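This structure is in structure tokens; I'll ask about it shortly.
Chain lettering (A, B, C, D and E) follows the sequence in which the chains are written, and residue indices restart at 1 in each chain.
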């Protein structure tokens, strides 16, 4: 019986990814590409993805931008507010490497240094298709328990 | 006396008592607050004449005595203000002459109660008497003389005219009501209409005044309407109510004019609605004004209530609920103008911060308080009114 | 035994006379004690009579012949007992509170004289057998209320409130007088126990009496005087506007049950009036920021409940009504006295400036909480029993609409009382309070409040005391069969089906509300921070109850404007005033030539007489 | 007696209670999401979406925000849920084995208000400014929309001389019924918090409104309550139209058809409007609500 | 007691982080504090460390929405110092890119504005239309965002198939005329939510120094494309849009009409596209000593670049002043006494861009 339920919950994690977006110093290029993901042409609702307003309702965190010093604490705080299991997707090149801003004294330059990232989506900015694919991949990771939040819990 | 037999109230004794009381009070009041040059002797003289008008058995004697008192008072008013005096005099002369002619023609000056005249004569007599008394009692539309008199003369002069003379004239009318009921019965609805016009007209005109004394004068006109209605109703209760109402009216008007007089002595100008918060300086006078106002409206437990409910009852008996509601509405208007005066002039924050409280004359204060207590006691123990035992 | 009937009146009026004569020589506190002892003696004399009344007898006394048809006849039955006990009992508790509350005031002789006269007037009203005496007492308490509200007569707000009280209660009072006179005209007697009165008691007379009762008992739309009357000293607000004065109208309505053969259509009228009032009162209460004004509107709403209870017209309804009247006197009196204590301590009753006073005034807060629980209808308090009785009565008689409205309004009640409680006693103290030293209310004040709150609890736990000793005799007096049984906590066994279910739901939801309030006060200290947009917010930045009422004020504004009858009254007054100015102009024009006026009017009159 | 208990439990748990209520509610919610998506030229969520949303939330770890009483945090949605289940059990859907007695309408109204009250308290309890603003708006909106809602129900009850829901379901369709259904529909927009009355959960102003701090299991319960509320409120309109039919299958068919039509109408309104301000909404309900109520009462009394 | 309600830095109504702390009394907003600086990446500093070619890429990342205008203005400034002439075809292509960018930016704004008043369907409708603009952008530059079209002295890519682009532009024009503009100017709920809301008087607008559509909706007649024409605006004949009703409604209308004007400009430019090279044969890597300023009209208003060269391949100083930098403070003048429910729309009506503001 409990098996059925855990199976059900696992499936539903794949079927119902709720997304929250943080702009941590992006040039907003990535952010204006997130909105079309939920607009008629791409329609993320087909795979159950919904953009949420509160981090408390979130499964997947999209983070864009090279993480400026001012937003660093904010990102950490919001990540903590997301109930597990949760996945983090780094959008674009900035959270991976700092992109053109590399070498700026006011950025951290790597999302990994602030929160554990599960998926990187390269591009400046990535296209909506790529973002949706990342969401789907992340939800599969959530289903299989492969996200870092889930793995770290099981290690403990 | 027929009036006593009809109503059970020995009105002559009651009125005499009230008159003497008010005379004493007015003299005491005048000893502290100047009421005109000859007040000291003029007031007793006028009172004696008025009381003579009450007690003289013959109708002619009564009329003459009252007219003499009226002339005396008119002269006194004339001394204080020519215009007001002229109007008063006009009213006294015209009213007395018309009423006297009417009474002569109706045979009322005879020693025995005359039979009612018939036909044209009846209508003529009724017209003359009605108009004559309407002028003398200041019933609307013949009330032109009362307001100027109240405004221009001293407070106690106004009390003498309104509380004593006017109420005595009303008493005379009440006696006529008993002796010659045909004056009323055949034209009952004209009397009632006149009463209603006086009631509403007086109340509305009082509402439109800014001078408090003028307002008080119109409130008298308003009240006369109720008293007339009591007489016109032709019931025992109505007559009794009217007589008690008249007594209460006398006392209340003394309080009202007295309070205004106290304030005027301090302010050095006539009290109008522009004045504010006089109670802070004159608390007792303020209390007297409020008591007088509530007594005029007939709020229990003041003496006015004893008369008022009987008047209402007379109205309900004659005109049913409609007339009752009409009277209540007129009273509501009266309440409105009194409340406005109380709350603008007496209560609330004073317009100018008084540097130090005025020490009011304690004698005047005691007179006021005694009168208020008298009115309350009279309401709770009406047996104190002569002849009222058991009523 | 019968001689006892007059005792309370004689004692109270004697107290007035003694105060009047000795006022000059006594200290303020001594006057207070004198008044309190007088009130206590009056209470004692009423309690002395109580056993025989409970046994079903009536206590009658012919004091003295007053006016022809109307001697001073006293008549105590069950209904009189309830109201006179309320007047003397709650009155005494308030008087003991006054001793400390009023000790810094001047003019206390006047104050205590009026308070005692007021209590005497109410006892006179409820025990009068002659209708004209009913009117006399009715107006006496009206005048006392007027003078007490205007106690601080040089303060404009206070006297304006007093003016509104006088105008709005005195004028409808004429309806009562006219009703009495009409009855007298038809029946020929003022004695209401006379069967002739019952025979002539028509719907018209009922309506006239109802108008007067509506004005005194703050029924919509003649209710707007009570919030203005809140500028009076607090004991006055407590005594007049919660415990006694506003109950005078309720008494009249209840008394009509014992006077007349009751018509079913009257029930509908009462229900409509009651329900409209309870909604309007609660809506306005939600939008208030002044503590006493809030309580005033809450009184309006609660009076709506009481009127509704009497309007149901079944024995259960009458029981609920009587129980509610007494309970409301207790808990609303307590609330007012607490508000007074708060104002005394903080110097303001503006809820925007208050907060966190439970720390400095723990006892006052406790007493407030008991009374607040009672008004919300929490089990263990008399308010719960009263509400349940009301719902039961409504359910039993099938007045479902009443149940829905009453329930809706009771949620409003919970809201506004919560708002008052939280913004006065809990939360952070405001800047205004920070520089003030706040002291707990004095023992005398606490005694006064505590006694009332204690009785609230007592009658909540053991309502059968109130039901068996007071409510049932009153019901008998109202010509109802008093066969209901009542157990502890207000659970009564002679009901089944829907009422029990509804009662259970009511009890559970009321308990839930209490539990939630207490749970809200114990937050868990650690956890993940709340979402505030990423950046932390300054400490203590939450919406408080005042913000809530500002929201509602803003949104309700159109509804509140539409439901406020005051502009209509002002309009009428303006109209009359303008009309009177026209009349004055006309009169002045005519009076310019007095001779012409005399001639003209005389001719017209003569012609009219000629033609008639 | 035994039978009564079994019937009650059946009604609470299966039909029309928890199970079928939830399924029906999820179906209706999916319908509305899908329908709106299609109106907007999108594909929309798959059929099972609300179901999976619910289970996913169940499977999440619950975070209790700072300064919130944990017991209260869980209890509020549970109280709301239980009362809405009881309310559903009272609904006289065709084939219901539920409890029915004179006055059950009153109980139903009490129970419908309970989740709203819990919502408001939940908003205040969570100590988030957004939730508190949302809760205040919800409280105000409740006062507003209850006017036409209660007005319509009371008018119908007065017309049928009964406060029993079964009477409603058995009554023939008349002008009064249709007017009442319209009034209920107007109230439904605010009760389901869809545009133009999605004021308490206005995402762009106050993030996620009342539920901003709720997550995991309690949020799942709130979502379930919402689903049950949807089926209850839509069902309440539907039962007004099943009176004239005798066969239970016909009744069921009409019930479903009306429910679907109502939810489609709701969503057409929602898709074609912007969100109003709470002031607008209050005014709307207190003017049009009063007009509708008066109309319904008049129709109930005259026709 | 007024409570504080934070909008942002993370808020569903915001694309980018900035913080608006509202002091509210009930639903009424009494005051607002604006806090920016969340997205500060020190672009001006980085620009002084890189050569001109890399700087063009860097300044494109000042803002993802108006990336082209930043690159082209920087290029204009550098071209001025270096005395580089831009070929006619490149001027036209730069104009087309600039207007396409305005089109997509205004549509993006309209979508967010619709979402801010809860009009979800309208948001979807507009985003559907915006995708057509994105298609054109993609067709011309190969990118949907951050196009990389500008090079020193010209553009990097040519427009090879103006006809198909014209056809697409026609479609967009139809969409705008038939759906977006009518709904935004006639729909009752939208008018109820925009008219008389968030008024910024002309005096306030001048005092805050606002620019762009915001200023033009408050009656300030200023458009760089007309006052200081650059690229091909002189040839194409440009009409600016000015309204003086000062409220959100005016800003909506100004942007709507500007979109129509943009379409007209695009069509005009595509039809009259001159032939010739798209950039000079030779572009120098080092720029001679000197300084220059350049201004152009970005979707949000005037963009100002100051470049100082010291004769090397790296600028000595690059100063960027963006329109949102001056527009954002004017929020304070608009919010007082407004309803909380209108706040998202009011702040959106200035079309704030924080990555521009913070750089």
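Definition applied: a contact is a pair of C-beta atoms (placed from the backbone, for glycine too) under 8 Å apart; a residue touches a chain by one contact, two chains touch by 3 or more.
Note that the structure is predicted; figures quoted are calculated from it, not measured.
Among the remaining chains, those touching subunit D as well as subunit E are A, C. Using the contact threshold fixed earlier, the set of chains in contact with both subunit C and subunit D is A, E.
Measuring from the average of all protein CA coordinates, the nearest chain centre is that of C.
For subunit A, the chain with the farthest CA centroid is B.
Taking C-E and B-C together, the pair of chains sharing more C-beta contacts is B-C. Put simply, the C-alpha centre of subunit B and that of subunit E have 88 angstrom between them. Each chain gets one centre point, the mean of its Cα atoms, and the points for subunit A and subunit C are 62 Å apart.
Separation between the centroids of subunit A and subunit D, computed from CA atoms only, is 34 Å. Subunit D has its Cα centroid 72 Å from the Cα centroid of subunit B. Within subunit A, the positions touching two or more other chains are listed as 39-40, 53-56, 71, 74, 78, 81.
Within subunit C, contacts with two or more other chains are made by residues 528-529, 531-535, 537, 541-543, 547, 551, 554-555. Counting only residues that touch two or more partner chains, subunit E has 3-4, 6-7, 9-12, 17, 27, 124, 128.
Screening every pair of chains for touch gives A-C, A-D, A-E, B-C, C-D, C-E, D-E. Within the complex, the subunit E residues that touch subunit C are 1, 3-4, 6-11, 17, 19, 24-28. By the touch rule above, subunit A contacts subunit D in their complex via residues 6, 8-13, 15-16, 39-40, 43, 45-46, 48, 52-54, 56-57, 59, 81, 83-85.
Within the complex, the subunit C residues that touch subunit D are 395, 398, 400-401, 403-404, 407-408, 411, 415, 497-498, 501-502, 505, 509, 512, 516, 519-520, 522-533, 537, 541-543, 547-548, 551-552, 554-556, 558-559. Note for the complex: subunit A touches subunit E at residues 22-33, 35-36, 39-41, 51, 53, 55, 65-66, 68, 70-71, 74, 78, 99-101, 103-107, 124-125, 127.
The touching residues of subunit C, counted against subunit B in their complex, run 64-68, 132, 135-136, 139-140, 142-143, 150, 153-156, 159-160, 162-163, 166-167, 170-171, 174-175, 177-178, 181-182, 184-185, 204, 573, 576-577, 579-581, 583-584, 587, 590-591, 594-595, 597-598, 601-602, 605-606, 608-610, 612.
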